[in-house]
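Here it is, the structure in full.
Should a chain be cited, it is by its letter among A, B, C and D, assigned in written order, with residues numbered from 1 in that chain.
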Amino acid sequence: MSDLTLEDLIEEFQEVDDKMERLEMVFELSEEVNFLDVEHWNDSTRVRGCQSEAHVIVTIEQEKIIFKAGADSKLVQGLMGILTIALRDITPTQALELTPEFASDMGVLNSLSPSRSNGFRNMFDKVMMEIEQKM
Amino acid sequence: MREQFPILQRKINGHDLVYLDNAATTQKPQVVIDAMNDYYTNSNANVHRAVHTLAGEATDGYEACRESLKKMYNSDKVIITSGTTEAINLVAHAWGKANLSAGDAVVLTEMEHHSDIVPWQMLAKEMNIELRYVPVQQDLTLDMEIFEASLDGAKLVCVVHISNVLGVCNPVDEIISLSKSKGAKVLLDAAQSAPHQYIDFKSLGADFMAFSAHKMCGPTGIGALLVTNDVFDEMQPFMGGGDMIETVSIHGSTFQSNEHKFEAGTPKIAEAIGWNAALKWMQEIDFKSEHKRLLEIARWLSEQLRSMGMTVYGRHDDNDAAVVSFLHPTMNSEDLAHLLDARGFAVRTGHHCAQPLLERLKISGTVRASFYFYNTREEAEAFVKQLSEILERFA
Amino acid sequence: MREQFPILQRKINGHDLVYLDNAATTQKPQVVIDAMNDYYTNSNANVHRAVHTLAGEATDGYEACRESLKKMYNSDKVIITSGTTEAINLVAHAWGKANLSAGDAVVLTEMEHHSDIVPWQMLAKEMNIELRYVPVQQDLTLDMEIFEASLDGAKLVCVVHISNVLGVCNPVDEIISLSKSKGAKVLLDAAQSAPHQYIDFKSLGADFMAFSAHKMCGPTGIGALLVTNDVFDEMQPFMGGGDMIETVSIHGSTFQSNEHKFEAGTPKIAEAIGWNAALKWMQEIDFKSEHKRLLEIARWLSEQLRSMGMTVYGRHDDNDAAVVSFLHPTMNSEDLAHLLDARGFAVRTGHHCAQPLLERLKISGTVRASFYFYNTREEAEAFVKQLSEILERFA
Amino acid sequence: MSDLTLEDLIEEFQEVDDKMERLEMVFELSEEVNFLDVEHWNDSTRVRGCQSEAHVIVTIEQEKIIFKAGADSKLVQGLMGILTIALRDITPTQALELTPEFASDMGVLNSLSPSRSNGFRNMFDKVMMEIEQKM
């Protein structure tokens, strides 16, 4: 786990023009994820409307968001890594102020197919809903 | 405006085209032609569930049309169809079959286009449903007393917003509120109104609204059905195939939960992109002032025609469309249309797919001149002049 | 050839487009784009029953497409639909409802596209019909023994000519003659075969054949159902509306006796004109030698992929199509497709609307590269090279 | 009734460029028709697939074709006039050798809408069929 911040990420992404390199960065960000083991994947963890299997669990402990996620696609897991970084070191209240636009701003969503970027939005929405419920 | 429509440069038999067949289909501005061109030249691919760039662009282009329609008409759901006709058949199959039962009544009017009659006749036969036709009166309006009476026990009311033969605009606010008060759903055939006015579907209160792109500067082969969320949930799948499913196994299938559920197979991609360009183009139009301008032309033309001894079937009230249907006392309508065509004037003749209305009017057809944004007063004047010449020579 | 397809000049992420998603949809030659352009620029009008010049040109253009299809495929009747999916749904509604009854059996195969499964599942549910699925064997062919056994009491056999996932060409001659001998009608899903071979519908002996223009250089939004005269007479109207009627009154309607009976509403005019241009263009193609060339590419590619450790789902027999479905042992298919797209390669991933087949193969999807006339051996080589680079860097 | 021949007609038509004038010629040819009174119009006389009402009766007397026809459109009646001239002074056997192409050659069909020219073909077919039956 790195100590990358969202700002670092946005800056890094914006510096890269080549799509393949951007995808490579997303691949690498899959390392940031607090991995949710396959045995914990079930209907309630599933992100709907995602083409691949994508699963998330959110819990809140002492004002900190614990985000675990897993997917059968490394790219999707990279997106989970980006969300992991976005949620790192902020409070649930601060988290609820996030919008998925930061990922568009990074230019990461337009490196992906519409269904993948929709998938990201669905994951984002699910995570936010769970944060709200568990606050 | 006219220079944006390349076809208006066309010569017909050596004469300038004067296109007065807009109620049948409208012409397309260059931006619409270009949008489809651009799609086929740069972005053509199949949509949905695909990863590559072209497929992404095609998907975005297709879905952007839906988004535009949602915004423009303020509709929860927008199902893309091949036109008004398919949209109405979709209601009959997807909603009608699941929500009507033997003995239920569906209210139609004598003013309906065949596309809003035949699907109901077929459903009525299959499901043993009663059809009630609201008569058209001498003054070319619906008999609202009979309409109200016919609502008793009715589950669905199907009504044309603006008649394609008469240009008459029906009192849809009243029709919808009366229907709702009796618990009947309302399907609005907006094929002739959507091209001429902004319609706020949600405020209007109808449950379904159908219209075609080709009558509003868009391409052939595409149209839409607007549906409220509530009624959408009552609809069962109509056609089966790719894109409308969630999962398929040999034991059965599950379906998409959004509009895709009703859009089986490869959709009308280029058409959606063309239509979206048309919708954008239309947003530059001042509908109100255009409506006034065209209606004045229609009124002037009707007067001229009457003074030439023609019978005009229309009243051209403030909300009516610029459609002028008429008959010469002796001259055959199609002969007249042929002669007009010899000088570049395009009008339509025949029953205009509204035989029950014509039967009520005791005629078998009319000559119809219908106007759109690019038509001018000068064209109407030339039309009258040509008509007089023809009558002098041939009648 | 390639210079006739303007989209092949397109750069994707700075790289040349290598379009290998032809089983999903093909690209369009300039003549097809131009034909539709020309229609909208010079001849746009609504068809049928009209007198003016534009309407005449539009009608001739629309009907010319039907005539071309009739000649090219040697078919008695050609119904224009919005695509393969609507064509199959049309058979289910127009023929199935009128000619099947509770307890009758319809034979499908596990190789079918969802468009040839879901309509039958829906009909089966509504009419209490039995569906029998012929299994696909390890060698990717249909189990012909079970097929033959399943014909007992079957009224209809629905079979895909060429699988869109495997490229496997089914033994349709045998399937048709066996079916006929048991008195079952045959519907051929030719979505993947019509683009690649001349099919003499009458000699082949099937009763229905469905295919889409967009998979054979034509526009989106249009396809066809071929029907024999005999079976045509057994079909009842499906969608109701304008153009498909003879007369309409409030007491009932009578229908057209020709193909128009099944083409309700304003038809796909520009699309028909575009498709007709595509059909003409295709007549210049030497299908046989092109088939051989593409199949050789597919065989070469399969071999390369296998040697790279991929599993290839296909056998590429002499009649099979140049469709290469494969899976990497560990790398996610969509990740792979994203990476390929970064270098301009367009392939499709996912279930290809054939989940029952994939279930039989015990996989949830494949990466699919599918080839068409404008694809070259060099593109296949570049594809293999790019794939190796990606695997080295990412796998 | 004039003594125009088919050859005269073809020549005359080919000399005229203006569509309106051609239509006028067709209009005038309606005079050539041996008019079938409306009271004799019925289902068996009707030409199918014609947009307007068009009715024909054919009888054969002493190797001569008696052709009566009527329509509610003067243009259609003009087409009937053309057919009247084509059938004038020829035997039934000679008539059966005619094809509707002579009307295309005259350029009269392409002055008409597709449905009208289809109508002409339908009328032609019906007349030929009746000649054949009554020979």
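Everything below uses one rule, namely that a contact is a pair of C-beta atoms (placed from the backbone, for glycine too) under 8 Å apart; a residue touches a chain by one contact, two chains touch by 3 or more.
Because the structure is a prediction, the values reported are computed rather than measured.
The greater number of contacting C-beta pairs, out of the two interfaces C-D and A-C, is seen for A-C. Each chain's centre was taken as the mean of its CA atoms, and the one lying most distant from chain C is D.
Chain D has its Cα centroid 45 Å from the Cα centroid of chain C.
Computed centre separation for the pair chain B/chain D is 39 angstrom, with centres defined by C-alpha atoms.
Work out the mean CA point of chain A and of chain D, and you get 78 Å between them.
Shared contact sites, meaning residues of chain A that touch two or more other chains, fall at 51, 113, 116. Those residues of chain C in touch with two or more other chains are numbered 13, 49-52, 55, 334, 338, 341, 350. Across the interface of their complex, chain D is touched by residues 48-52, 55-56, 59-60, 63 of chain C.
Every residue of chain C that touches chain A in the complex is listed here, in rising order: 13-14, 331-332, 334-335, 338-339, 341-343, 350, 393-394. Here chain A touches chain B in the complex through residues 51, 113-116, going by the rule given at the top. Taken in their complex, chain D has these residues touching chain B: 18-20, 23-24, 27, 51-52, 72-75, 111-113, 116. Chain B meets chain C in the complex at residues 6-7, 10, 12-13, 17, 19, 21, 24-25, 27-28, 32-33, 36-37, 40-46, 49-55, 82-86, 88-89, 92, 110, 113-115, 117-122, 131, 133, 212, 214, 219-222, 237, 239-245, 247-250, 252-253, 264-271, 334, 337-338, 340-341, 345-350, 353, 355-356, 359.
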